[in-house]
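Two complexes come next, and they have one chain in common, chain A, joined by chain B in the first and chain C in the second.
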Partner chain A sequence: MLDAIFEMFKGNMVYIPLIQPIVNALMKIPIVNYIVALILWKPFFAVAILPGLGGIMIVLLLMVYWERKLTARVQWRVGPLEVCRPLRGLIQPLADGLRYFFQEVIVHVEAHRPYYVQLPILTFIPVLLPILFIPAGEIVAVRSQYAIQIIVALIALIPITIIAIGWASNNRFAYIGTVREAMMYFAYEIPFVIAVLAMILMYGSGDPYVIVEKQTVPGIVMNPIAFLVFFIATLMATSRLPFEIPEADQEIAFGPFVEYSGILFGIVMTLAYEKLYIMCLLMTILFFGGWSGFAIPLLGDLTPAIWLFVKAVVIMLIIALSRSIYPRFRLDQALRLGWTSMLGISLFSLAIAVVKVWWLG
Partner chain B sequence: MKVEKVEFDALSRIIGHLNAISVGVKQAIKPERITTEYPRERRKLPDNFRGLILFEKDRCISCFRCAFICPANAIQMELYDNYYPSIDYSKCIFCHFCVDSCPTTALKQTKIHDVAFKDLDEMVVHTDEMINPPELLREDKITVEYKINGKLVLERKREVEDLIVDVIPVKRIEYHSACVNPQNCLGDALCALICPTNAITVVEEEGRRIMKIDTAKCTGCGLCVRECPTKTLGLVRREG
Partner chain C sequence: MKEFSIDVPVEPPTELKPLFVPIPAEYVEDAYKSDEFIVLVGPQHPGSGHMRIIVKVHGDIIVDAIPDPGYVHRSMEKIAENRLYIQNIPLFERPSIMDNANFNLGYIRAIEESLNIEVPERAKYLRTIMAELCRIGTHLYDAAILAVFIGHTTGFMYPFAVREIICECLVRMTGARFTSSFIIPGGVRRDVDKKVLDFVRKATFEIERRLKNFEKIFIKNPATIARLREVGVLSKEEAIKYGVVGPFLRASGVEYDVRKIESYEAYDDLDWEIVVADEGDGYARFLVRVNEINQSLNIIRQAIAKIPEGDVISQDLFEGVDSSTKNPKDIRGAFYDVFANLTLPLGETTTLTEAARGLLLYTIVSDGESNVPYRVRIVTPGWLYLRGFMESLKGERLADLQAIYGSFGYFPPEADR
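For the complex of A and B:
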């Protein structure tokens, strides 16, 4: 039984010429070889290392630092600096994370205790499930013909958990934040789905492999309108600043997450970044040619994953700039934007896709 | 005039967005920030910066002008061999009227603006503590100079600026007190009582008290002029 599993792992391992000698040496040691085979087993690698959890960890540490530092630069401040001065405060997010770990978690009396404690952890399910379906070349957990549709459906689940968190908090700020989150959900979800639909129609398939193969010209050139809608929807969905309405630090103090402290706050705070990461991976696949890029012989199977990751991270770094440029929209303005302009241009992008597919082949 | 809702057309909206983004990107690449990392960098301050006040005893003529002019009533004169000022920094507002009013530049400005006191009692700095500058712990290695020629530019130099300013004593116009309006004199001898150098002596002449002023002893502090109730006395420029 164990041997059969081991053979299954060994038959589908990530081949990286750079570390292959080390892997070969480790595979000869009795128990370690099981662990190495598991880690390098492609489905596990996709979920746990790249583009999965390992990627999320890197993104979290990088994004929090980058966002604070970039915003500080634009606003003529310095930003985090004192933690590890020679690196200009580079390990500040790590220090914050450690602080969250050792801080007391306060569950206040009026909170719905079981849900209040459970939900931040349950929220990881819709956040991490899409990663199963995001392929990076050969490294993929679940290969599906309908991967894009499944990813979009799973992303749509995330606001529900946030609303549940706000309900369990039983706080008036959390309540306001929750209602705003629900409103925003209505504002972006339909244009977002239509934009993705336009792209799927254009490529003729929801299979990422087909989509990447068909992108001799990147999707952003083929249908820039759909990209615009997707981009704004990403900002709305992840509470980036022009649409930071549900969290709104200055007025409702982090909205649905107002009551959380300690590691639970650490988890819920990273939620938006994780969602951003997933949506950027999706954006890379749909609009920026996915994992295609020139081959790096030394990295072997890892090359596509690196390309996908690098492209997604570059998009995230650019999106971070929006925080320092725009003020926050009012809820009604954001709703109006979602239901008029965005819905309109998303339908227009769908029309472009239809025209391209049916009349131009 | 009626205030109307401002309407933007699509083109000006797009131009506005592009403007905002271009400004953001420009600042992200090369920010025009004007902050300094204070304990490690120090801004280069002008010589006449209103910082902590030091005192030079030899120059002081005990004229009390610093104590009289102080708007916050922070300066008290203390008696040593003569009256010398002490400053209560819990009251001081760093207006430096005292420094400006001092005729002999006995009070000196410095660029020290970061001093810590342990308690309120310690904030009353006595004369003997004002003579030597306080102990300084300097972390800064870089001096930042703000240069304005049309645009504000920060110039960073690897140098440590001296915070103690060399105050060159001004060439002072010498005064001595004299009876300008002798007909006003009541003979109450208040001037003789107040004089810190005992330059005024009381002499009885024809049944009247007359004040004799020894101009050699007089420092020109003007205390007697201030004290005289009938404006008999005045400061007169010293001859030669």
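For the complex of A and C:
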């Protein structure tokens, strides 16, 4: 039985020429070879290392630092610097994370205790589920020809966990934030789905492999309107400014997360970044040619994953700039934007797709 | 729009009972019986400052707003009764530390009016320059607070960076970034030399240049305009009825400025205009103050160009003082001889000053024999427009509370005194 599983792992391993001698050596050691085979087993590698959990960790550390540093540059400041001066404060997010770990977690009397404590950890489920279906070349967990549709459906689960968090907190500001989150969800979800639909129609398939293959010119050139809708929807979905409405700290003091402290706050705070990462991966696949890029012989199977990751991260770094440019919209303004302009241009992008597919071939 | 009421039994939250909230218990119960909701914004709320606003909301719309100020009340009027007139100067700078020169000026002018001292021309010009620098500083501070209240952190940092230039000007003129107690009865403490005045003149151009960046990123930002336009509107009649003062009154279309109507210091000799807007909404209140910054820069440049040579301390004060310490350009050495036993004649003196946030009133009552005031009354602009601020909240959305708060530049330490 164990041998059968080991054989299955061995038959589907990520081949990286750079570390292949080490892998070969490790495979000769009795117990270690099982672990190495598991880690390098392609489905596991996709979820746990790249573009999965490992990618998320790198993104969290990089993104928090970059966002603070970039905002500081725009604002005539220096930004994080004192934690490890030679690296210009690069490990500041790590220091913050450590601080969260050693801080007391306060569970207030009025909270619904079990849900209040569980939910921040449970939120990782809807965050990690879409990663199962995001392929990076040969590295993929579940291969499906409806992958894009499934990813979009699973992303829609994330707001539900936030709403549950706000409800379990049993606080007035958390309640208002929860309602705002639900409202915002309605504002962006339909234009977002229509924009994705337009792209699927254009490529003729929801299979990421077909989509990447068909992008001889990137999707952003083929249908820029759909990209615009997707981009604004990303800002709304991840509550970046100017749509940082559910968490508006000056208005409702971090909304659904108002009562959290310590490591639980550390976890819920990263939720928006994780969602941003997944939406950027989807954006890369749909509009920026996915994992296509020139091959790096030394990295072997890892090359597509690296390309996908790098493209997604670059988009994220650009999105970080929005924070220093815009103030926050009001909820009703965001809703109006979602249901009029965005819905309108998303339908227009669908029309472009229809015209391109049926009349121009 | 049709409304659906959901019949859920809701208990008034217990936290409203032990807190010393200035509302009757029935008010809370009534709100919870209907489908309204009471939100306490403050005093630990990130968007409330040192005050609490009790907001009754119906859905997302504010029905009623009750202010609960007094968290930073320092009892200045009472403290002033036990201090010498001269010791009160640093005290009365404190209500609004950015606006110290204007607050100082009101108090000093009341003393001067009572003693009937004629202030030398050069001192008047120096006071005008200081008052306008502090006015710009306060407006920038308020703009920064407005920006961060609607979530624009860059709009928060830029004005504070610009304010550093003003602080540098004040350092070179007076020796302190703010609360310098530079204005004294009969003039100013020291003369300011030409080099420093040239620096201040150059600084006004630098401020103007940097404000262009601020204008690009915040003032003309479409999201800012969307947040502030047609929000918290006070019509001309309402503004007068609720006793709103200063730039906020002018934003509602009332042309009233103490500097023009009861001119003091050097304002009459200089060429400037009252900034007025008609809309009366949050954006108008903000724009009026932005334009006032430009007017103030203009006033400073003119004052520096026109400033006459001469003494800076009135000769009337030096009667009976040892002649070796007499110096009409510097009070050092003669300070205690002149001011320690300063006594005001019997009676009451009132002065009006246009502070950055509006009308500022000082009344000094003296019994004619003691060297401390019998009573000092200070009415600050923040306290005067609090009513208008609360009225403008009604009918707006809960998210607009911070935008309106910022557009009024309400400063609790100033209002509470």
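In this text, the second predicted complex is superposed on the first by the 361 of 361 C-alpha atoms of A that agree within 3 Å, B and C clash if a C-alpha of one lies under 4 Å from a C-alpha of the other, contacts with A are read in each partner's own complex, and residues count from 1 in each chain.
We adopt the following convention: a contact is a pair of C-beta atoms (placed from the backbone, for glycine too) under 8 Å apart; a residue touches a chain by one contact, two chains touch by 3 or more.
Everything quoted here is computed from the prediction, not taken from an experiment.
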*More chain A residues touched by chain B or by chain C?*
C
*Check whether A:Leu81 is in contact with chain B, with chain C, with both or with neither, and answer first, second, both or neither.*
first
*Answer with first, second, both or neither: which of chain B and chain C does A:Leu235 touch in the superposed model?*
neither
*asked:* By the touch definition at the top of the document, which applies to A:Leu70: first (chain B), second (chain C), both, or neither?
replied: first
*Once the shared chain is lined up, is A:Ile163 touching chain B (first), chain C (second), both, or neither of them?*
neither
*Where does A:Ser324 make contact in the superposed view: on chain B (first), on chain C (second), on both, or on neither?*
both
*For chain A, what residues appear in both contact lists, the one with chain B and the one with chain C?*
74, 76-77, 324-326
_Touching residues of chain A toward chain B in the complex: what are they?_
70, 73-74, 76-78, 81, 321, 324-326
*Considering the complex alone, what residue numbers of chain C touch chain A?*
13, 37, 39, 45-47, 60, 147-158, 161, 217-218, 221, 223-224, 226-227, 397-402
*Would you pull the chain A residues touching chain C in the complex into a rising list?*
71, 74-77, 172-173, 176, 241-242, 244-245, 248-251, 253, 323-333
_Of all residues in chain B, those that touch chain A in their complex_ = 20-21, 23-25, 27-28, 31-35, 37
